[in-house]
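Chains here go by letter, A, B, C, D, E and F, matching the order in which they are written, and residues are numbered from 1 within each.
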């Protein structure tokens, strides 16, 4: 938390660090979302991506497992789940792994939210022209 | 549920497979929970552990990331979250990684559920006498 | 909604009708809850019991199936679920039927909220000294 | 998924039992949903319909009261609620009874989810050309 | 529902009081919603507006802060949130204040529900041709 | 965390600004909560209080209306709701106004979460030896 007194400061601002992390995770889709949200978009960049997603101790892939699982289980957050399904592919999760996360959610949140998430995954996979998971 | 008489069949019943998986994930704590729940406990063993947790395509460690994230974000499921925080340690997640999952949940479900989960993690770590994460 | 000026008025006020319905559904436990809640308690009597529970078109037993199912699935409303598990017995649902409602909830809300509800049912059945459902 | 030709085996597989139950509850609409969902659809058939819905101890009608109540109260699960409103009609609940379940949910989950459910009921009733409930 | 012309009757029925309050809060949009909802709509008028919204002790402006905050945080209630964002403008909250309520929700319910609410606010502001908040 | 003595620097760090705001809103109780939460506590101070609560455009009193409303409606976040009920008194809301917020939540989230919040308010008022609201 203490910032070194360093004339040639190499550390980017949380906002700059967040923009880079956002591009890495969500690609162009994420930038389009936050750019139209005013201060709310700024906090997504600064706090969610510049702070939380930039922390060490958990890989981007593992963070995306958590994100997809939470958005699936909570329900009613379809636009964000859709974006993060694409992000999950970006950071190296396979279609099969994402399908498994969704199936795994059934034990904790039931079938309806899992079905909605699977439909979104099918749409995202169709758009990205990735070969779909055999079972999807 | 009736298994065909088949001399070379190595495949256990879903229930037997589930009991083994439950012991692997939750240890003794899980068995105590399900044994007192009647048919509901049987479905936890057969379906949740014998089917879902036994699927290939996602490691136990990754499944536990998803489980901890969902139970944290949903809130109001403290006994199950507590059990699965212990399970997360069992399957190889470090205290630091679990702490990161909880911090990661803030962006998607806010601070209150994260605080409740962090308190439970502190309790679980104190009980298991694992050296606590420095930041916890 | 217009009340006829009628000397032999048979229609009680919503509050009186609600108190009678509350006693029928929840017994003494319900009255204790609402009496200490000020205007909030008054609305529970007048609106929830005097209006909704007093409607025709769905039996008290069927209403209690819906109530137990909702409180189980929503989670985090344990004191009310406990009260309404007792009410479910009051209006004629058997321990086995209530157990089935809880098990049924798994498909729609997952295992954790069902486990919490089953624990409460076990407590309520132990207190009422009803012979417990064999599977509970 | 293929059932062995076995002259004396009276017990169907959970999958076959689930398909029959699904057809009974949801009609053709349910089959279309699960057939495009891969392993997730298989679990809906095997576990949700082949196990849970096939249990004794609670009638299909009573199970559907619980299902409609839960999906209404949880919110954000509109496609599944829509399907199960049709299923509620299939298993013998009247439009008026379903309307009452939705109105009953207000006490436990508030007006917004009830309004959304009532809109879906109005759509389902319009499609099935059943005479609508007078108050709907 | 028709109120008799009665010179000394100062107290309207809950329904009449609710209709007036509904018009004050939601304008024409609210009336259109409730008129097509049968008894559910009647309870919205009588109970939600005729009783709750008509209570003293908290201003309409303060009630609308609470309403927007709750509907944002709960998620999955978009049609009602949209209506109440317009109502918030009606009772005197500025676009900036409403934007702040939505940003404030992030700490308690995370970014996804806040993003969905901000999109709805942008739509509502565009329709009402109010000059948009600078940051929105 | 230590702020340099700098005569012309008017802008504190987000952390320092957050600590001051936290003390203003939650009093000593808030500091105790965050001090034991590691990095999660740091984000509560820096982001939730140093950024969000420190924003202009909505008064502390109005922010606390939103906070109490959200924590009541979401349910299952009792320790945080309890803290923020005390904070609501700190920033100038009267016991009656807080009671009204809780009653207001019934229309949007139903009675059970409102009952739980009212119980917490009664406890908080008893502890602070404020004269309780007449209706509570």
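Operating definition for what follows: a residue touches a chain if its C-beta (ideal position, glycine included) is under 8 Å from a C-beta of that chain, and two chains touch if they have at least 3 such contacts.
As the structure is a prediction and not an experimental result, all values here were calculated from the model.
Trainee: Which chains are shared contacts of subunit A and subunit B?
Mentor: Touching subunit A as well as subunit B, we find C, D, E, F.
Trainee: Would you mind working out whether subunit B and subunit E touch using mostly the same residue numbers, over half shared, or mostly different ones?
Mentor: same
Trainee: Name the chain whose C-alpha centroid is farthest from the C-alpha centroid of subunit A.
Mentor: C
Trainee: For subunit F, which other chain has the most distant CA centre?
Mentor: Farthest by centroid: D.
Trainee: Round to the nearest whole Å and give the separation of the Cα centres of subunit C and subunit E.
Mentor: Roughly 29 Å separates the two chain centres.
Trainee: Roughly how far is subunit A from subunit C, going centre to centre by Cα mean, in whole Å?
Mentor: Averaging C-alpha atoms per chain gives centres 41 Å apart.
Trainee: Determine the centre-to-centre distance between subunit E and subunit F, using the mean Cα coordinates as centres, and give it in whole Å.
Mentor: Computed value for the inter-centroid distance: 24 Å.
Trainee: Please set out, as single numbers or ranges, the residues of subunit E touching at least two other chains.
Mentor: Touching at least two other chains: 39, 43, 47-48, 52, 55, 71, 74-76, 99, 103, 105-109, 111-112.
Trainee: Give the list of subunit F residues in touch with subunit E in this complex.
Mentor: Residues in contact with subunit E: 47-48, 52-53, 55, 57-58, 62-63, 65-74, 96-97, 99-101, 103-109.
Trainee: Under the stated contact criterion, what part of subunit F meets subunit D in this complex?
Mentor: 73, 106-112
Trainee: If you look only at subunit A, which of its residues touch subunit D in the complex?
Mentor: 75-76, 99, 102-103, 106, 111-116, 118, 122, 133-136
Trainee: Going by the contact rule at the top, pick out the subunit A residues touching subunit F in the complex.
Mentor: Where subunit A meets subunit F, its residues are 1-2, 39, 43, 47, 51-52, 55.
Trainee: Where on subunit A is subunit E touching in the complex?
Mentor: Residues in contact with subunit E: 33, 36-40, 43-44, 48, 71, 74-77, 79-80.
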